[in-house]
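We just call them A, B, C, D, E and F in the order they show up, numbering each chain from 1.
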Amino acid sequence: MWQWLKQLYHRLGSPKWFYELTERWIPWLTLAAVATGLVGLVLGLLFAPADYQQGDSFRIIYIHVPAALLAQSAYIMMAVAGAVYLIWRMKMAAWVARVIAPIGASFCLIALLTGAIWGKPTWGTWWVWDARLTSMLMLLFLYFGVMALQQAMESEEAAYKAGAILALVGVVNIPIIKYSVEWWNTLHQPATLKLTEKPSMHPDMLWPLLIMIVSTYLLFALLVILRTRNEILLHERKRVWVKKILES
Amino acid sequence: MSLVSATVRRDLLLAARNPGEWANPLMFFLMVAALFPLAVDPDPVFLGKIAGGVIWVAALLATLLSLDSLFRADVDDGSLEQWLASGESLFALTLGKALVHWCISGLPLTLMSPLLGLMLNLPGEAYTALILSLAVGTPVLSLLGAVGAALTASLRSGGLLLTLLILPLYVPVLIFAASAVYHAGIGMAYNGQVAMLGAMLALAVALTPFAAGAALKLNLSR
Amino acid sequence: MEFNSFAEFLAMGRHGLYVWLSYGLTAAIVAYNVAQPLLRRRRLLKEQAQRLRREKRNAPSA
Amino acid sequence: MTPSQGALQVNLQAVALHCERDDRELFSELSLSVSSGDLLQLAGPNGAGKTTLLRLLAGLNRDYSGDLLWHGQPLYDNYPDYARQRLYLGHLSAVKKALTPLENLRWLTAQDAPDTERLYQALEQAGLLGYEDTPCQHLSAGQQRRVALARLLASHCPLWILDEPFTALDKAGVSWLEGLMQQKVAEGGAVIITSHHALEGIPGLKQLELGGTS
Amino acid sequence: MSLVSATVRRDLLLAARNPGEWANPLMFFLMVAALFPLAVDPDPVFLGKIAGGVIWVAALLATLLSLDSLFRADVDDGSLEQWLASGESLFALTLGKALVHWCISGLPLTLMSPLLGLMLNLPGEAYTALILSLAVGTPVLSLLGAVGAALTASLRSGGLLLTLLILPLYVPVLIFAASAVYHAGIGMAYNGQVAMLGAMLALAVALTPFAAGAALKLNLSR
Amino acid sequence: MTPSQGALQVNLQAVALHCERDDRELFSELSLSVSSGDLLQLAGPNGAGKTTLLRLLAGLNRDYSGDLLWHGQPLYDNYPDYARQRLYLGHLSAVKKALTPLENLRWLTAQDAPDTERLYQALEQAGLLGYEDTPCQHLSAGQQRRVALARLLASHCPLWILDEPFTALDKAGVSWLEGLMQQKVAEGGAVIITSHHALEGIPGLKQLELGGTS
């Protein structure tokens, strides 16, 4: 088991291996992401029953919730990749970490935008300072911080390291932010409006949601792979195997 | 091509090379506005009442912070010395600098402000007043700020000193602008306040570049 | 099937604006995220291939 | 407004200059005159006041007593005119790290506004061929200095005032710069520099020794 | 004398030579708190309700601004290079730096806060909570800030970027502190919040110097 | 912890160093060894990679491949130990403008912690007598450089690594510094410098010429 893990680690560390492997994966991943996405959307938009309170506006859930979940896990993945880079100096990890930041920020933005749009018909306002909304906003800022910092650094290596350090500090803080915000919101003046409590959802509503969540993660994997491959091409451009690709 | 237009072009180029220069004030603006509900009270009705004031305070602080680097970098790398050695009119140069500063700070802030209005539950009637007051008020902030930045350009820890010099000058702008937004929010007329802001802008364009130019010369005898 | 007609589907029970705005924005952001790496890849390949050719040309003379 | 090539005319006079810093007299009753064809080196130990004098002559420091005359007129009576006739290059080279040598040079020579072709030539002569588009933060100390010096080639000013221009230059760079100065002088211009280098083989070099305490 | 204590001494000496370094944050603190009533509603009852939050936001911004120069000067003049060349523990060095920073920013702010309380009509019961929360909370701000300052030390326009990096991390401190003051004001217990602040302080002392030290090394390969 | 005077021992080896910047190879297969009694000057045109190599040797930049050995051990295995044995002085001199030369020197030598008497002596030898209590912003370029150099006198490190130490020094300063380096070498220390100066009259000087493109 341990040997196998070690081997996997060394393979993962090799850009060439990653590049060639993903070459084969991409079509399947694309297919899977699109198929699940289509099924989820059709089921969610056409077949799921309307919510008895919110009517059809609840159909926003099929993008809102997957995006929100992904935005949070992507940050953790970014921090983990950053840590791997800091500890083992694995270039691949640095590229993956860097590549996740804009994608995670995009999904965070999607969650915020769809949430805000959803809020208008259900709460009658675009934004409230609810605990979950606030901590999501802070997550977006953390993403922006990582991106801006990497952007600003002159040398590439410094950019990777700085991004990783900040992501790690942020990861320690995410739970703190989340709990403090929740706690603040319950103790302070109670929020006039609340996110719907986790409902015991009708299976016809629930299934499309689960499928959409899967689809979103697949899409995320695809995006990360596509961007990482570009990083590999750029940084390994002087390797023989990349030159071959370039010449063909 | 005169030195002034060359400098404007160079500064815009620098801003384009380093997106942080215009993106950071924007983010700061957003964040300060987000801090207030956390620190005081997230109740929407309450927030709606203070929204105009909070947005303006945030805009003012964001402008202030971005001012610090207005002349500092030019002092440090010798560009300022070359300006002074060039013998060209300092009036035009400082005016150009202030213009560039507004383009990369005040203008984006103005465009961004409706979003903050939404988040802080600003009354619907107040949006026009908010945008108008920012559009007329932020250039005044940039111009006045240029004077402070020029005065503190050669100081190491200038950032905070600059704040001290400039904040009192910003008070009139803040008062009229916030009052414009507030009156708009309760459905009253606010042309008077905007007219005042306009007058301030005219005055600032005419006078501050002289002051800033003179201040820059202070950095000369080192 | 929850909807009887396409018009009804578009209307989303009076909430059409919100639903389609959300889906539209999401589609735009996702589309950008998909297009960015693809375009970048194309540009990268072109640039690097050019560089290679240039180096090859210069190598014997330099 | 651009000075025509033919009219290279330098006539700078200092009469009975006196300057003190922190209660210490740097120089007094110092008189000098620089006119077309002169190459003046200010020499002296560290702290003698070379930089101070140079900045006075360049019109960047008014903290003195005595007279400075440009073509017989007090310098500050028509400072913009004087400013357009002399080129000053101090310790700091006004090179922006985020910009490329070409972009930097374009700003540095904005008053003369030479065309891009000329700028490329200047960079080439300064030994920066191949670095035109590299941000200056990626250049070595000497290369950054060369960017600043390249403007000497693209400018028409008859009078150059240079503070330790040889700093960070390698041997090839030093002789290139010496050549430039000689050429300027031969054309009827004039050059004032401070340097701890012994400038050899430059005909017509005048030295002004400032005394120091250290 | 080790390099750490020498650095602490030198930095205190520099602060003594240049009073602006500690006086400016203080003045900024005062001014932001003074701007606020101008921008919103000067009604005393209303002010009293938001006083705690406003004072804390002002303290936070003042700290933030003074952070910018924490390592910047040391990078510019080569001191940082010498630190790194010295081979001494960066943990101790950054801890020392953060300590000095707190002494010249957080501590004066804490001592000054009752005055602001008076100006903003803070309820009488809330003073202890205000001082206590500042005394425990501002060191956390300094420590977290040191990480941001270290990350941005070698960047030209670091000031605003620093803000962007650090503000989200400051949110928990702000929430607990403001809530402590608020609860004290309405006569409720606030030990829970102060205890949370204490826990954060312990965590910050243990962890942030590592992060800051690692970040400082980045400035090495230039 | 303070290294005893008698045990001056330098043994620094670089094996097959390779370094590139921005796709340009600066040096490859570069090997060198510096041991007690050596005085090594890195020479070469601007942009050749002198500063880069110096920072590698000082342990301030790990962006290379190849091996660096200190007494046969990889440099980074015991970096703090190495750090205490070598003194590095770069382009930037770590002199705070608001402090006096004495205060600056005290910080610069904090690791060796010499007593104040020693510091005064060092300043005196550096030619700063009378300026001990003047804030450094009031000193000339060369005087500020002398403050930074004064620490050479107050430190016990056997290995000095200096980047263009002669910058801004006058002739007296140059020969003073040359004397210091000779003395260090004679005592069994070693010195590595970069400089565009021709170092004359120093016995045992080795030169390493780095090639450049410019």
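Definition applied: a contact is a pair of C-beta atoms (placed from the backbone, for glycine too) under 8 Å apart; a residue touches a chain by one contact, two chains touch by 3 or more.
For clarity, every value in this text was computed on a predicted model and none was experimentally measured.
**Q** Taking each chain's centre as the mean of its C-alpha atoms, which one ends up farthest from the centre of subunit A?
**A** Greatest centre separation from subunit A goes to chain D.
**Q** When subunit D touches subunit F, do the two copies use mostly the same residue numbers, with over half shared, or different ones?
**A** Shared-number fraction above one half, so same.
**Q** I'd like the Å distance between the centres of subunit A and subunit D, where a centre is the mean of that chain's Cα atoms.
**A** Averaging C-alpha atoms per chain gives centres 57 Å apart.
**Q** Could you grab the centroid distance between subunit D and subunit F? Build each centroid from C-alpha atoms only and quote it in angstrom.
**A** For subunit D versus subunit F, the centre distance works out to 31 Å.
**Q** Please tell me the distance, in whole Å, between the geometric centres of subunit B and subunit D computed from their C-alpha atoms.
**A** That gives a centre separation of 37 Å.
**Q** Counting only residues that touch at least two other chains, what does the list for subunit B look like?
**A** Where subunit B meets two or more other chains at a single residue, that happens at 18, 20, 24, 27, 31, 38, 41, 73, 156.
**Q** Mind pulling the subunit A residues that touch 2 or more other chains?
**A** 141, 144, 148, 152, 154, 157, 181, 184, 188, in rising order.
**Q** Touching at least two other chains at once: which residues of subunit F meet that condition?
**A** 63, 91, 97-98
**Q** In the complex of these two chains, what residues of subunit F are touching subunit D?
**A** Counting only subunit F, the residues touching subunit D are 21-22, 44-49, 51, 91, 127-128, 130, 134, 138-143, 145-146, 164, 167-174, 196, 213-214.
**Q** Under the touch definition given earlier, write down the residues of subunit E that touch subunit F in their complex.
**A** Contacts found on subunit E: 1-3, 6-7, 10, 13-14, 17-18, 73, 76-79, 81-82, 84-88, 220-221.
**Q** Write out the stretch or stretches of subunit B touching subunit E in their complex.
**A** Where subunit B meets subunit E, its residues are 18, 20-21, 24-25, 27-28, 31-32, 35-36, 38-41, 49-50, 52-54, 56-57, 60-61, 65-66, 68-69, 73, 155-157, 159-161, 163-164, 167-168, 171, 174-175, 178.
**Q** List the residues on subunit B that touch subunit A in their complex, please.
**A** Per the stated touch rule, the residues are 18-20, 23-24, 27, 30-31, 34, 37-38, 41-44, 47, 118-119, 121.
**Q** So in the complex, the part of subunit D that touches subunit B is made up of which residues?
**A** Residues 58-63, 79-84, 88, 90-99, 103, 106-108, 110-111, 113.
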